[in-house]
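There are two complexes below, and they share subunit A, which is joined by subunit B in the first and by subunit C in the second.
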Partner chain A sequence: MNEGLMAETYIARSTAIAARVLGGEMMIMSAADSTFFTLNEVATVIWQAADGRTPLSEIVERRICEEFEITPDVAQHDAEEFVNELSQHGILLVSDQPILDSKAGTR
Partner chain B sequence: MTTPSTLESAGLHEVAVEIGGMPIVLRTGDAEFRALLEKRYAGFVRRPGAAAFGLDVDVVRPDRQICEEEDLEVWYDGGLWRLERGDFQAEWDPRVGQGRLAQGVSPYAIDSVLRIVHSLIQAQAGGFLLHGASAIRNGKAFLFSGVSGAGKTTISSLIPNDGVLLTDEISYVRRDGEAYRACGTPFAGELARLGENASAPIARLFFLAKGGENRIEPLETPDALRMLLRNILFFADDPELVKMVFRSACDFLARVPAFRLTFFPDARVWELIQ
Partner chain C sequence: MSLLGEMNLKAEALGIPLNVHIDVTYRCNERCVHCYLDHDDKGEMSTQEIKDILNQLAEAGVFFLVFSGGEVFMRRDFLELVEYARKLLFNVKVKTNGVMIHEAEAQRLRELGVEQVQLSVYSHRPEIHDAITKLPGSFKRTVDSIKFLKSQGLKVALSNVLMTVNQQDERGTRALARQLGVSYTLDPTVTPKIDGDTSILNLRVDAENLDELFADDELVGGSEEYCRPPAPVDEDVMEGYSCSAGHSSCYISPYGDVFPCVQFPLPTGNVRRQKFTDIWYQSPQMNEVRSIKVKDLTVCSSCSHAGSCTRCPGLAYMEGSMRGPSSTDCHKSYHRTGIPSANMLRKAAMTPTRPLVQILPAMA
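Presenting the complex of A and B:
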């Protein structure tokens, strides 16, 4: 697990992406490396909630656990994995501070 | 016998090559190159007129090195697209639709430059060029995309007599309001046959696979999008261009159904395509 995610984590959608809901599924392409992702229902909720101001733990607690009936530990673990993967491709920006500018994340 | 135009008298030759309804006037001072263009793009040459796009071609001597980089590089710099490969060097201004090209007398360089320039023009217009064959039958166009060896040439060679081959290699997809049209291209593959300069509304997109029987299966949209993006001609590693191509591909799949076409290579496959 990424130790950086142990602290409060804020996530924001990068502007260097193209995204579209097609056939009921969220599809995202990195404009930086053309990597293509299809998000499942849970990942889509996290993606849509990634406003840079809401902590990931709050997104998990209020959106994921309640809407999908997943235990907090499992939901947090899955969310962190998802965030790590997308952040590696520059699709999600991650910071331990609220992100005001989604063009620049801190890690 | 024709009378030389004022331009020709001044040593400037113009050939307008219209692909996908987009004429690009190629201007050159080399009469031999003009003749080569007219032969290479026969069927796609029209009278030079008030075309929106133009390219000044400087035909360089065979002994002059054009570019050190052998591999193709395309990048956006200072408002211009820059295109370089061992056999050509070009720049294209998308704001005014004009560019310059330095190349030898070979047709391969201009062919590549035209593919790139058309893909850039179409990216802004919501269309794209696709690795794929296309054909018109009964007033409808069908696209057949796939990687090398998937069957583009085979399916093209099996088109019934009442069908029109648009290309066996590079399909030209234009946005036409809320629909899409496939247009013929002179970009030939193994069939070595130029497509017809014709167009029709696209009815279906097929991703090809060879098999022991003929079968058509609908594709889930994410799979279709992934396959489509893999086969769209995409030359530049540019974020804004990536976004445009992605949007175009999504818009296209929202309007044109995509299928996997597994086929046994004989003419019966065309009985399924309608």
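Presenting the complex of A and C:
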């Protein structure tokens, strides 16, 4: 598939979750099904950057590859897996358009 | 160990207050016979004061937040406080009697993403429940609110307190929870009133009822294991502690007073005058609570139940010493396993035994 033709992926944090950083590790619990997650450092960066406006590819490129010295292919693959899993639990909202009404925030 | 359990251990190791229980008011529309509170408003915190504290709690790392009372809906700003807490991404649980929850309130709680609503129900028979709450019609209103909450898809728990006045209805109340499709919790603990009055302790159930409960597989999740004699006490047990109060959890009253737990009335500071984190990290009382390990306990350190007892340091404190035994938990351990606690043996040894007939030797 020609990647140039692929639509961008935008991600936003759902407001139907509880979240807090504990000792550098992000804890997230879904209000919908009480699934409890902890995110590693890389996943936490993606989560915190999920503002609904920044494309996932840009988050990966600017935040993951640079900060963690991971190759773009590996980082993009891991990020897509992570986004897919959290979106299945309603923890991340995913769209091919910017998600403008996201009110999510985190601490 | 579950992921959640691991996070609790991590919080304890880091000294993070992962769990906070806030009573937003002591006012209540019920007058439950076993309630340990008085219901006057002696200057409860304003909306803004509570919001400021919620900001501080989020900064301190609190994740699990319980809103309770009194009756939380006696505060007209209660939903505003829940909304604010959810914006700060707390996991919010609400304890309520539910009598003021109708469709609109249930819908709002669901929209706000509240994790669970826990409602107190003391019997499946309206006349018994209403006699305990002293609010006529309260059973119907509470059950109706459970239905409203369930219809919104919220997780609901029915909470019962086992007392002399409702012990015969326990199975019926449990069946009601099943019928309503909600989870069920049962607590046989009745605590002294906040002013020290112990008269309500006569509502505690007698020992035979505890035996029956502890043998109930459904209630304890496998009575054979639950009632197994305690494992030998090892060094890990002696270096540990029995409760998260002051370690990863604490309680804040409607007046801003901070305690290690709602059931542990040791004042440690007040958030109206101090920052929450100053109290949490620097209060001498909070640090004293945290310093106590099982090996430091005056009686319990020599008890065979030391590693498995549910010893409540708050009840021990109310009994006389936070390092001493909690007799309520001694009795639970005994009735669970049939093995008396060190405290029970000590008390028995101290009780003078006199012969029925005393014969004095004749004077020479």
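By definition in this document, the second predicted complex is superposed on the first by the 96 of 107 C-alpha atoms of A that agree within 3 Å, B and C clash if a C-alpha of one lies under 4 Å from a C-alpha of the other, contacts with A are read in each partner's own complex, and residues count from 1 in each chain.
The working rule: a residue touches a chain if its C-beta (ideal position, glycine included) is under 8 Å from a C-beta of that chain, and two chains touch if they have at least 3 such contacts.
Not measured: the values here are computed from a predicted model.
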| item | value |
| --- | --- |
| Superposed partners subunit B and subunit C on subunit A - clash or fit | clash |
| First, second, both or neither for A:Arg20, with subunit B first and subunit C second | both |
| Touching partner for A:Ala7 - first (subunit B), second (subunit C), both, neither | neither |
| Which of subunit B and subunit C A:Phe36 touches, first, second, both or neither | both |
| In the superposition, subunit B vs subunit C on subunit A residues touched | C |
| Segment of subunit C intruding into subunit B (one of 63-71, 81-89 or 351-359) | 63-71 |
| Shared contact residues on subunit A - subunit B and subunit C | 16-18, 20, 22-23, 25, 27, 29, 31, 34, 36, 38 |
| In the complex, subunit C residues that touch subunit A | 3-4, 7, 10-11, 14, 16, 18, 58-59, 61-63, 86-92, 113-115, 155 |
| Residues on subunit A engaged by subunit C in the complex (per definition of touch) | 15-23, 25, 27, 29, 31, 34, 36-38, 103, 105-107 |
| Contact footprint of subunit A on subunit B as seen in their complex | 220-222, 225-226, 229, 234, 237, 239-240, 242-243, 246-247, 250, 253-254 |
| In the complex, subunit A residues that touch subunit B | 16-18, 20, 22-23, 25, 27, 29-32, 34, 36, 38 |
